[in-house]
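In the two complexes that follow, subunit A is the common piece, with subunit B as its partner first and subunit C second.
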Partner chain A sequence: MISKTSRIILNVYVAAFLIYLLAPLIIMGGAAFNDSRFPSVYPWVGWTDRWFLDLFRDTRMWNAFKNTILVALAVVAISVPIGTAAAILVNSLQGRVRTVLYGMMVAPILTPGAVIGISTLLFWHHFSVPSGLHLSTLGQCSYISAFVMLLVLARLQSFDRGLEEAALDLGASYSQVLRRILLPHLYPAIGAGAAIAFFQSIENFNTTLFTRGPYDTLTVYVFSRVRSGITPTINALALIMIAVTLLAAISYEIYRRRHEKVLLARGRGNPDSD
Partner chain B sequence: MSATVELDRVSADFGSFRAVDKVSVTIGAGEFFSFLGPSGCGKTTILRMVSGFIAPSEGHIRIGGEDMDGIRPNKRPTVLIFQNLALFPLMPVWENVSFSLEMRGVDKAARRARAEELLKIVDLPGAGNKMISQLSGGQKQRVAIARALAVEPKVMLLDEPLSALDLKLRQHMRAELRAIQKRTNVTFIYITHDQGEALAMSDRVAVMSQGRLQQVAKPEDIYNNPSNGFVASFVGENNVFDGRIIASQTTTARFETDLGVFEAAFNTPPSSDQKLRLYVRPEYARLVSTAPEASNAIAVTISDISFEGNFINIHATTDQGRVLTVETRNDGSSDIPETGSRRYFTFDAQRARILADETQAAHS
Partner chain C sequence: MKELLRRYGLTLTISFIVIVAFWLLVLVILPYIYLFEASFRLYLPIDQVNGPNDVYTLSNYSTFFVTPIHRWVFLLTIVYSSAVAAISFVVAYPLAYYLSKVATNKIVPTLFLIIMIPLWVSEILRSFAWFIILSLKGPLNFALVGLGIIEEPIRWISGFQSVIIGLVYTYVLFMLFPLYNAIQSLDTNQIEAAGDLGAPWWKIHWRVILPHAKPGIASGSVMVFMLSAGSILVPSLLGSTNSRWFTEIIQQWMFESQDWNTGSAYAFLLLLLCTGFVSLVMRLFRVSLSDIAR
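Let's turn to the complex of A and B:
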């Protein structure tokens, strides 16, 4: 049993933690509606929607937004297959080769983003490839595919190799086993990997900054706006991004719960005993 | 359809460990053949070699006369029912059952229809749309069998498929498996560590120990005429006496133990230095109140009577403190002695056997 005092301490702690976590977001969001030239809620000058209107009128922002989404989609398209394949390969290896390959895949996660950015730039420069969003994509993929690999690798631990043998024994070829048995088992992890890849790409700044060439992405756009004198349009942009993320997370959760209920309902159709 | 399966001095090595040692046996087409042996004796390894998941380190496997060397599992006319069944959890029952047809590119309607037919054969009609997780143990068993039958295999390999079921269901499935085998006439190779299963279902049984075949024979011969001490004690119970032969005729010998000298059947000439023991099954032993004039009698005191339902186990202690067991049927025909009463433990020479511990590995 938790004693009364320790429950009070626990509640205070949770409250403090949530305030610490959420207060900056609330203040930042509030500032997006304050009719003040500076991004703050105090002093409160009055309600306004002009920062949002400013933002929507900003063609440079729209361009950066489009670039960000393009890069994120490209990163998903490249890093998901690479990460999945690497996970399957690493999982099938043993001993030293496995350790080496695993280390090589995971190393970019531990490497600072700026280093990845600069080395991507230098590497392709060597082959006279100009910088641009394609290099940003490649640079990001080098560490994002490792995230995908880690997720898929974790899921592979729960895969019963016996199923693979059973399928082979029933006449399946290796590619049929992959398509019909292994990949369906991995789909949840692959889906999660795709989502993480997408968001990792959107929020990437360091790697992109060095490789982007003349192109803007959202993070770079925010960065340059902040440098040239900050206005509450940035707050408006941030608020929209938070809202979109929250909506996505909530709708996924609703979908997941519904799906679970369906499964439960199906499971309740009692297996008649022998 | 069925095919013969021929193991020709097949061995399997894992590093320096020999899991299967020069096993030779020919299994007839349409036969229900069992490998019986304790856990770890190499049964699964044999099945995995026949199905093609591991290659023998020496020897040959022929199915229907054809050498299987280098032929992959998906190209062999065999299908394996795994110890844990290995049903596909993400597919409904009917897709599981018709998986092999899907792999061959059969269209969906035909697969569905065939799955329904096979589910009828295994007595699970209408279960096609269920998920595997919704099935009971016995139902999963049947789905695994239906999935294997869909391949129309010539040889079906079963790796202790009943070990996860409870006793009642296990006995029911024994009869069921046997019936399916007779109906389909597929060659069944069945492995188990359960002697009751092997004896009840099989046309022939191979008893194994530590990678070696000990005896291949019909169930009744395995039980009645075990070829060595391992087979005798693995299949059924025994009273075992250490000792040595002091005189031998053609089919019997006199055997000296520290409880006396006994006469017992003896036909395998022992290889020079093999340890010999005398084996008397509890149901072949009797308890009598007066010492029989022939030999084969040991004075005992009844120490415990355990009632097992259809039979009764009587434990009797010799004056030296050895506990012997006699089994009698619970049919009212035999009188059951009181605990503490004095009796003589006796047996017929023809029903007792002098056996070497293990058959020496056949060399050459």
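Let's turn to the complex of A and C:
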């Protein structure tokens, strides 16, 4: 289908792209161990762990870390129910109402974070609510809920509604149907939605910047450190964050492959199932 | 509505509606309305708010139109964000094609895992990484001088070049994934048929794959444009005094001048720009909102 030369060119391109994606992260991580005041890997001055020690001694960092985790948990707690309810609602609507509602729901994804932040700030300011992490949470929820909604909505497409009907016919109450039939089917999407909400919240800068008031989150902390004079402590922090991410990604991949193998094995044992 | 009642009963239906109404009204629509309203009011000392001077006016917007530098920055933000979207497309297209049509099924999940890594690293760290690489005493200059390619270190962080480099790196994956999804859904037989009938490779891309990838291109461009135009981190880390971004002016109004009203007028202009871009792309590519938001 594709000639040998173009396959080689494509392979080289893909390899170059992967290097392009990863090299900056490796350079940034490597600089965390270099004993030079300016973060760089070249020239290599010497091995040191002092940037990590500096980082762990930084109380402002720990405070920002705590705030970030708190906000992220709050965002998960709010946006997961909202996104799930919204997906169920949109899924059982048709026609114009569905289009309009769907449009309003995805609009926050297509809105710059700064606009979300400023509008949240102004709205609550009108009711004399001061800025702070609570506003950052609400601002972030306004668009993160949309991500959850899209994930759950996609999962709903594979839901067999006959199951709901059957349960109702057999005398189950509405809340039983929701808890025992619909939600268990949606759990994978809800779990993925919670993970995405958590990471999106940790990453968020634009919305947080305008709503945070005097409080720090990790991204704001890094931002102000970068502006006020760079030391490789930021690289140390970056390296830790990348390591945690990698660990999470790899364990997920191992879990997925094992799961796939189990499915395959089952498929072989019983040719009727897939 | 009727269907909802039939499937979930009155109590659950009401709770769904209340939850969604809270989201859409309190978190989305009303804040936008207050932003819009505030943008037409003057920034006044606290004792004059709601007084006779507190009237609706267009003066916040006219500030924008009579300040040439703000108009200029707005225009440059549009031009360079479009450029970032275009560059991202060029960079991501071969990879999307490779992942969806050339690579074997075995290797694709691993490749995706590697590609996803930068996505999980926060935007600020990604731009910080480029800040290190591009700095005057950074590894790029050392390597280039060391290899004898250049004689003197180049000042990379000046003008818009470093901002564009940073934005493409940060947002190219938002182009890659929609493109991949779109090309993935194309029947490989169509590509093979075109090849069997004698179409050269560029014609296969131009006449078969690209038209099919239209929703992916649209969705990727919208995301990359919106994220670039709204980016605060990349321009302030990788920009210099001669490369200002529109979000930096909004920030100035909000934080330095403490003038939230003019700030909201400028924020509203940014919102208008992004909405305008979304509808333009939807029209050009003849796709719907549900194709774009995935």
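The rule we apply is simple: the second predicted complex is superposed on the first by the 251 of 274 C-alpha atoms of A that agree within 3 Å, B and C clash if a C-alpha of one lies under 4 Å from a C-alpha of the other, contacts with A are read in each partner's own complex, and residues count from 1 in each chain.
By our rule, a contact is a pair of C-beta atoms (placed from the backbone, for glycine too) under 8 Å apart; a residue touches a chain by one contact, two chains touch by 3 or more.
Just so it is clear, the structure is predicted and the values come from calculations on it, not from any experiment.
K.L.:
Between subunit B (first) and subunit C (second), which does A:192 come into contact with in this model arrangement: first, second, both, or neither?
P.N.:
A:192: touches no partner chain.
K.L.:
Give the label of whichever partner, subunit B or subunit C, reaches more residues of subunit A.
P.N.:
Counting residues of subunit A touched by each partner, the higher count goes to C.
K.L.:
Quick one: classify A:162 as touching subunit B (first), subunit C (second), both or neither.
P.N.:
It touches subunit B, and subunit C stays clear.
K.L.:
A:176 contacts which: subunit B (first), subunit C (second), both, neither?
P.N.:
first
K.L.:
Let me test your reading of the model: by the given contact rule, A:129 touches which partner, first (subunit B), second (subunit C), both or neither?
P.N.:
Neither partner.
K.L.:
Scan A:70 for contacts with subunit B and subunit C and give back first, second, both or neither.
P.N.:
neither
K.L.:
Considering only the touch criterion stated at the top, classify A:240 as touching first (subunit B), second (subunit C), both, or neither.
P.N.:
neither
K.L.:
Counting only touches as set out at the top, which of subunit B and subunit C does A:226 meet: first, second, both, neither?
P.N.:
second
K.L.:
Do subunit B and subunit C land on any of the same subunit A residues, and which?
P.N.:
After superposing on chain A, subunit A residues 173 contact both subunit B and subunit C.
K.L.:
Using the touch rule from the top, collect the residues of subunit C that touch subunit A in their complex.
P.N.:
Answer in residue numbers: 1, 3-4, 7-9, 11-12, 15-17, 19-20, 22-24, 26-32, 34-35, 38, 91, 94-95, 97-98, 102-103, 109-111, 113-118, 120-126, 128-133, 135, 137-139, 142-143, 169, 188, 191-192, 195, 201, 222-223, 226-227, 229-233, 236-237, 247, 250-251, 254, 260, 263-264, 267-268, 270-271, 274-275, 278, 289-290, 292-294.
K.L.:
Where on subunit A is subunit B touching in the complex?
P.N.:
160, 162-163, 165-173, 176, 180-181, 184-185, 266-267, 269, 271-274
K.L.:
Which residues, counting only subunit B, touch subunit A once they are in their complex?
P.N.:
Contact set of subunit B toward subunit A: 51, 53, 72-74, 78-80, 82, 84, 86-88, 90, 99-100, 102-104, 130-131, 133-136, 138-139, 147, 150-151, 169, 172.
K.L.:
Per the contact definition, I'd like the list of subunit A residues that touch subunit C in the complex.
P.N.:
So the residues of subunit A in touch with subunit C come to 1-3, 6-7, 10, 13-14, 17-18, 20-22, 24-25, 27-28, 31, 38-43, 81-82, 85-86, 88-89, 92-93, 99, 101-116, 118-123, 125-126, 138-139, 141-142, 145-146, 150, 161, 164, 173-175, 177-178, 199, 202-203, 205-206, 209-210, 218-219, 222-223, 226-227, 230, 234-235, 238, 241-242, 245-246, 248-250, 253, 256.
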